[in-house]
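Dropping the structures in below, format is structure tokens.
Common to both upcoming complexes is subunit A, partnered first by subunit B, then by subunit C.
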Partner chain A sequence: MSSRILQVKNGEAVEARAVPRLSVDDLQGLVADVVTAGGRVAALYGREEAGELLVTAVLPNDREGTLGLLSAPVTKEWPSLAPECPAVQLFERELAEQYGVVPRGHPWPKPVRFEHRLGGAGPDAFGREGPRADIPGGYPFFAMEGEEVHEVAVGPVHAGIIEPGHFRFQCHGEHVFHLEIVLGYQHRGAEGMLVGGPTARTVSLLESVAGDTAVGNALCHARAMEGLAGVEVPPRAAALRAVALELERLANHVGDLGALATDIGFLPTASYCGALRADFLNALAEICGNRFGRGLVVPGGVRFDLPSDAAARLAGRMEEAFSRVEDAAGLFFDSPSSRNRVDGTGVVPKETAQALGLLGPAGRASGLQVDARKTHPFEPYSSATLPMVTLEAGDVHARARIRFDEARASAAFVVQVLRQLPEGPVRAPCPAPRPGRLAVSLVEGWRGELVHAVTTGADGRFARYKLKDPSFHNWMGLQLALRGEQISDFPLCNKSFNLSYCGYDL
Partner chain B sequence: MISILRTRLRLGSQTIAYPDGPARFPERFRGRPALDAARCKAGCAECAAVCPTEAVGGAGTSDLSIDLGRCLFCGLCQEACPEGAIAFGRDYRLAARTREELVARGDVPLLAQALGAEMQRVFGRSLKLRQVSAAGCNGCEAELNATGNVQFDLGRFGVQFVASPRHADGVVVTGPVSENMLTGLRKTWEATPAPRLLIAVGACAISGGPFAGSPVCRDGAVGAIDGVPVDLFIPGCPPHPVTILDGLLRLLGRVQGNDLRLTGTGIVAAEPAR
Partner chain C sequence: MLLSAIQLLLFLSLPPFLLGVINRVKARVAGRTGQPLLQPYFDLWRLLHKGAVYSTTTTWVFRAGPVVGLAAVATAGLLLSFGGAPAMLSFSGDFVLFAYLLGLARFFTALAALDTGSAFEGMGAAREVSFASLAEPALFLCLVVLARATGALSLSQMLGEGLGSAWSTSGPALLLTALALFVVALAENARIPVDDPNTHLELTMIHEVMVLDHSGPDFAFILYGAALKLFLFGALVVRLALGFHFDSPWAALLAFLGGMLVFAVVVGTVESVMARLRLSRVPQMLVGASVLSVFALVLLLR
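Right after this comes the complex of A and B.
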């Protein structure tokens, strides 16, 4: 079996043609084997080469810290693996939308993000031909029938300042039987725009794939580029990048704890966490001038150094900031009225989480051991003692608690790294990518594992840039979390996942 | 309850002093750029070559400019310029009423003008806005949300984001306006009663930003809704919450001219009385 899968390290580049080329049957068989054995699929995506569609699978081995690569040429259709492996259902739909490959026997053959075809000609697998009038929402919704069953439709424009998406509930009174989420409103054609790069635009575009994960995506990209060029970043750069990644995690986790408190009307935590989140954003701005860490991480290192005395001062302030978070968020976890709302709400059992391949805090709250910082680490994570925090309950409380506990671990990590910044430069030259290579880069962003799978053509330019946000897996988790719940608990469940619309829509 | 009060005491008041007093920006914050075209060497285009969004105009000529509507404030052009002709300062006042006024030249800021007297009368004391994210990346959305938190507290000025377009006096657009969101944006606009304002926040909504030229986006809000001009542009990627506050307050005529200025430490102070 091993010769049919090429094992590589996170971020390591290999010759694209060294990836084993199997038949569709063999590829699907190996994917099914890995999933049945408790493994997962990090990516399953198409790429056109010499007029042929090649599907590549990325199968992480979380115990060994390697990524298994394999591929198969696919024509107009293939048998769907989704009935056996629900974790691949969305990958197959994406292949249908992007390349017109029909997954025969797929139980849920629907568009993913109302994207135009990336490759091939003619109508896509849903019979659509662009330019077309279809927009998200023009969609075969799952519907229930019965005299007392009713539908509730929400979105794309929601009540608050929030990205657009459409939620369709099948209800009986307050009781939700089923929730279906349709996305695609945010589709900007990111993958298509990246082809032919790198250009002066590439890094900014990737920082904008999901603006709340700007550091995560910039880092994921930089590591892929360094792999493709065959360079190492200086230790001080690696340390500063990790600080930025954890500050991004802290800002989002703390902000979301506040937002959860808002949704249940628990005002002390709501207002303080909203303001405390800013301490972490402002720390990023102190390092690079931008509150979201934009412009900091580039291939080869970082653009801004932090003098060691400033780093020590920042460490002190972060320590202080997190002790305030302990107070503000602690109130929420100690208050019986808030616990009453979050305990046992929106449960995703471990088996479901496993079957869907949930990632990040959502997966860890249901007991999955998924954290790329631990399983596919790079420096300084490989030598750090950052714990992997998991819980079993899989409810709103667990998803909130995970954020709190992880934020604490991140704060300690940030303080420690800032106090011991390695000496030396913060940037090394990063030459152009080598031609004909594939690098798969994994970074644990605050929502979970980000994947950038980058293939260069004979000219060294991006022939295919596959992006995956953890939300790609996790939106289905939210839909299942709502089953059997009260519709009024939707905001709370939604916030406990806080998934990315644009990261999914690309 | 006791612990809530104790936490309240420990955390204190969080609201920034702006606009009555200072708004603080970190040292490396990049606000309005000052351009010194006299330093440009003929034929040089280092700045334009590194710019992600083709925001630099007239590189290597006496007409060096930066289109703040396209600019992401990444500072790469400043880093690339061998002559020191571009310097991003900490002036956070970036909003403008027209697309042309966003093109920065030299080092004198063009500040956004207030609405006419009649519109000021209608909206000056109370402005309700409906936000529509049309493929915004959640950066601009996050900063718009931040304007409402206890720190920036937009509500102090009678400005509020509301849930229904029926209750709104205007629509705030973020994002490059994807095809897939065009209908949603237009319907929201139609549902907003006149007189109404259209406000574009962020490089994406002004020019497409990093997604300018995308085959599935509209390069922002300009022209996205037939015959509807944009009343206020607030640049940035994303704009700082204080830049957003400042833009809205200038539009309403609540902050005018130079009566707030930046000191060397990046602190905004009221101009001393003469």
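Right after this comes the complex of A and C.
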């Protein structure tokens, strides 16, 4: 059976034609086997090869540290796998939207982000043609019948300065029966714009797919490009990239702890964590001149070197900054009034998390062993002693605690790497990608595992660039976390997931 | 009479300053400089000079809400004495009127919220009245304890000369009552740990979400009315705590103003160190306040 799946390493490029072509039944059977055996699906997406639609699956083997690739030609429709494996439900909806493949028997056949067809002609699987202006109108919301059931609609324009998303609650008083989330308001067509690359703007484009994951996406892209071109990154560049990725994680995790405290009106942590987040952003600015790390990571290495004395100074400052985070966040975890709010709120049990394939801190808070830095590592992560932090409770407290513990591990890692920066160049020339290749790159961004699956055409240009943000899986986790909760706890649950709208909308 | 008039003037002018002090305390604890102490006045001035927007689905009820709300709270202020001088208006049983004037203000605010037909405001109105149904008994029990302890039936006397001797004869009961009143004051005025006056999250709000659709002068009325209400509850707590009798009414007034400052600092400190309660826990806290005042009553009746 394993011969029907091509095993590759994270970031390794293979001949696109070497990916096994199976029948739809075989592909679905293998995917179902992997999922029922406790595995997961990193991506299930369409790409066209010689005018034919190939549904390609990326099945990570977290124990062996490999990625299983397989594909199957599909035409107009296929039987839905979602009733058996809920984790693939959104992938199937995306395929329906992008390529018009109807998933027969799908329990929730709705558009994902209201985008246009990427390939093929004619109406899409929802019977719609051309550009549409039906966001969010015409969307068949899940509704409940009953005298005392009422609906609360929130968004897409919100009170705070956050991204647009529409939330529909089915409530009985304060009790929430069901929450449905509609996204797609920020769909920019990133995957379509990347086709035909790489160009001078490719890296910038990927950095803006999700503004708070600029380093993560740039690194994921750079590793895919290096695989396609067959180059090795100098060790100093690899170390600096890892520092940047962890600084991004630190800034966001610390900021999230502050935002969680703000939501429950707990001032001490709220104000200090908000200020401390800036220390980590400023550290990124010190390396590359941009607080969000834009322009730092490029295929082949990094654009800016950090002199060794500056690195030592930065390491000292990061130690100092994190010791202050310990104090500020410690209050949040020790104060009875804040624990009263977060303990047992918005629980996602492990089985649910497993079924949905939750990723990142949200998955680890529910006890899933998902961390691409440990399971699919690259240098310097493969030689570092970075722990994988998991908790079992799956509530808001666990999701906050995971962030705190991870931030601590990241701070120690950053300090250690900065103090032992390898000597040497920080950039190697990265030639154009080789034609007819496929590379899948996994990077553990601060929200979870980012996936870039890149295929080059006969001319060496991107024929298909599949992006996946962890939010693609995790939004469903938030919807289920709200079931049976109080509607007044929604903002808190939402913040504890802190998912990306634009990363989902692409 | 002159002193009563001065008191009334202070009641009408000082409440926004109280909010300024609370905000300053919170800012200082959070390590910030904070907004100017007089910012609440500037906000009111700014709002009064703006136009108002009215949804076409609303009726006169929506416009009446802020006006009735402010008028009722201001009238309630006439019944309370703030320093040594008696209140402008005082009669036997006026504490019932006091409680129901506050109830009237709430009733119209909730009605105006329902008038918008928005899901948010309906939710806020539902929360406000369900918590009020628990806060009101607690307030009444506190007032009954006071009436019993002082043997008087008007607020002026309940919080006036008789209070000094009541503290010496039934101190524990009055202490419990003061605690209960403080809890009710936090709940009635939408302060942490019951409500967060600074939050922007509609789904978590209680009081604020009811007034989301009001704008301009209407909103200024609402903010001013809320400040007056906070001052009233603060005055109840402070007058009760400052039970002893002053010979000079001016000294009494000064002591009262000092007490209000302490009240604002205490409220600000509570907000700085505590998180909000889960909404489902708020009733427990209010019932707790009622139980405290029942204990006080039992102590008096035994």
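Operating definition for what follows: the second predicted complex is superposed on the first by the 504 of 506 C-alpha atoms of A that agree within 3 Å, B and C clash if a C-alpha of one lies under 4 Å from a C-alpha of the other, contacts with A are read in each partner's own complex, and residues count from 1 in each chain.
To be clear about the criterion, a residue touches a chain if its C-beta (ideal position, glycine included) is under 8 Å from a C-beta of that chain, and two chains touch if they have at least 3 such contacts.
From a predicted model like this one, the values you see are computed outputs, not experimental measurements.
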- Task: Applying the touch criterion given at the start, work out whether A:65 contacts subunit B, subunit C, both or neither, answering first, second, both or neither.
- Result: neither
- Message: Just to be sure I read the superposition right, which of the two partners does A:431 touch: subunit B = first, subunit C = second, or both, or neither?
- Response: neither
- Go through the superposed model and pick first if A:294 touches only subunit B, second if only subunit C, both, or neither. first
- State whether subunit B or subunit C is in contact with more residues of subunit A in the superposed arrangement. B
- Query: Is A:159 touching the first partner subunit B, the second partner subunit C, both, or neither of them?
  - Reply: both
- Query: Touching A:486, do we find subunit B (first), subunit C (second), both, or neither?
  - Reply: second
- Item | Touching partner for A:304 - first (subunit B), second (subunit C), both, neither | first
- Contacts of A:460 with subunit B and subunit C, given as first, second, both or neither: neither
- Message: Just to be sure I read the superposition right, which of the two partners does A:265 touch: subunit B = first, subunit C = second, or both, or neither?
- Response: second
- Overlap of the subunit B and subunit C interfaces on subunit A comprises residues 159-160, 268, 271-272, 275
- Message: Which residues of subunit A touch subunit C once you look at their complex with the stated criterion?
- Response: 150-154, 159-160, 173-174, 261, 263-268, 270-272, 275, 335, 337-338, 340-341, 345, 486-492
- The residues of subunit A that touch subunit B in their complex are 113-116, 135-136, 156-157, 159-164, 184-190, 192-193, 200-201, 203-205, 207-212, 214, 268, 271-272, 274-275, 278, 282, 285-292, 294-295, 303-304, 324, 327-328, 331, 334, 500-502, 505
- Message: Applying the document's contact rule, which stretches of subunit B touch subunit A when the two form their complex?
- Response: 3-4, 7-8, 10-11, 14, 25-30, 49-53, 72-76, 79, 131-146, 148-151, 161, 163, 165, 175-176, 178-184, 188, 204, 209-211, 213-217, 237-238, 240
- Query: In the complex formed with subunit A, which residues of subunit C make contact?
  - Reply: 26, 29-32, 119-120, 123, 126-127, 192-193, 196, 198-204, 271-281
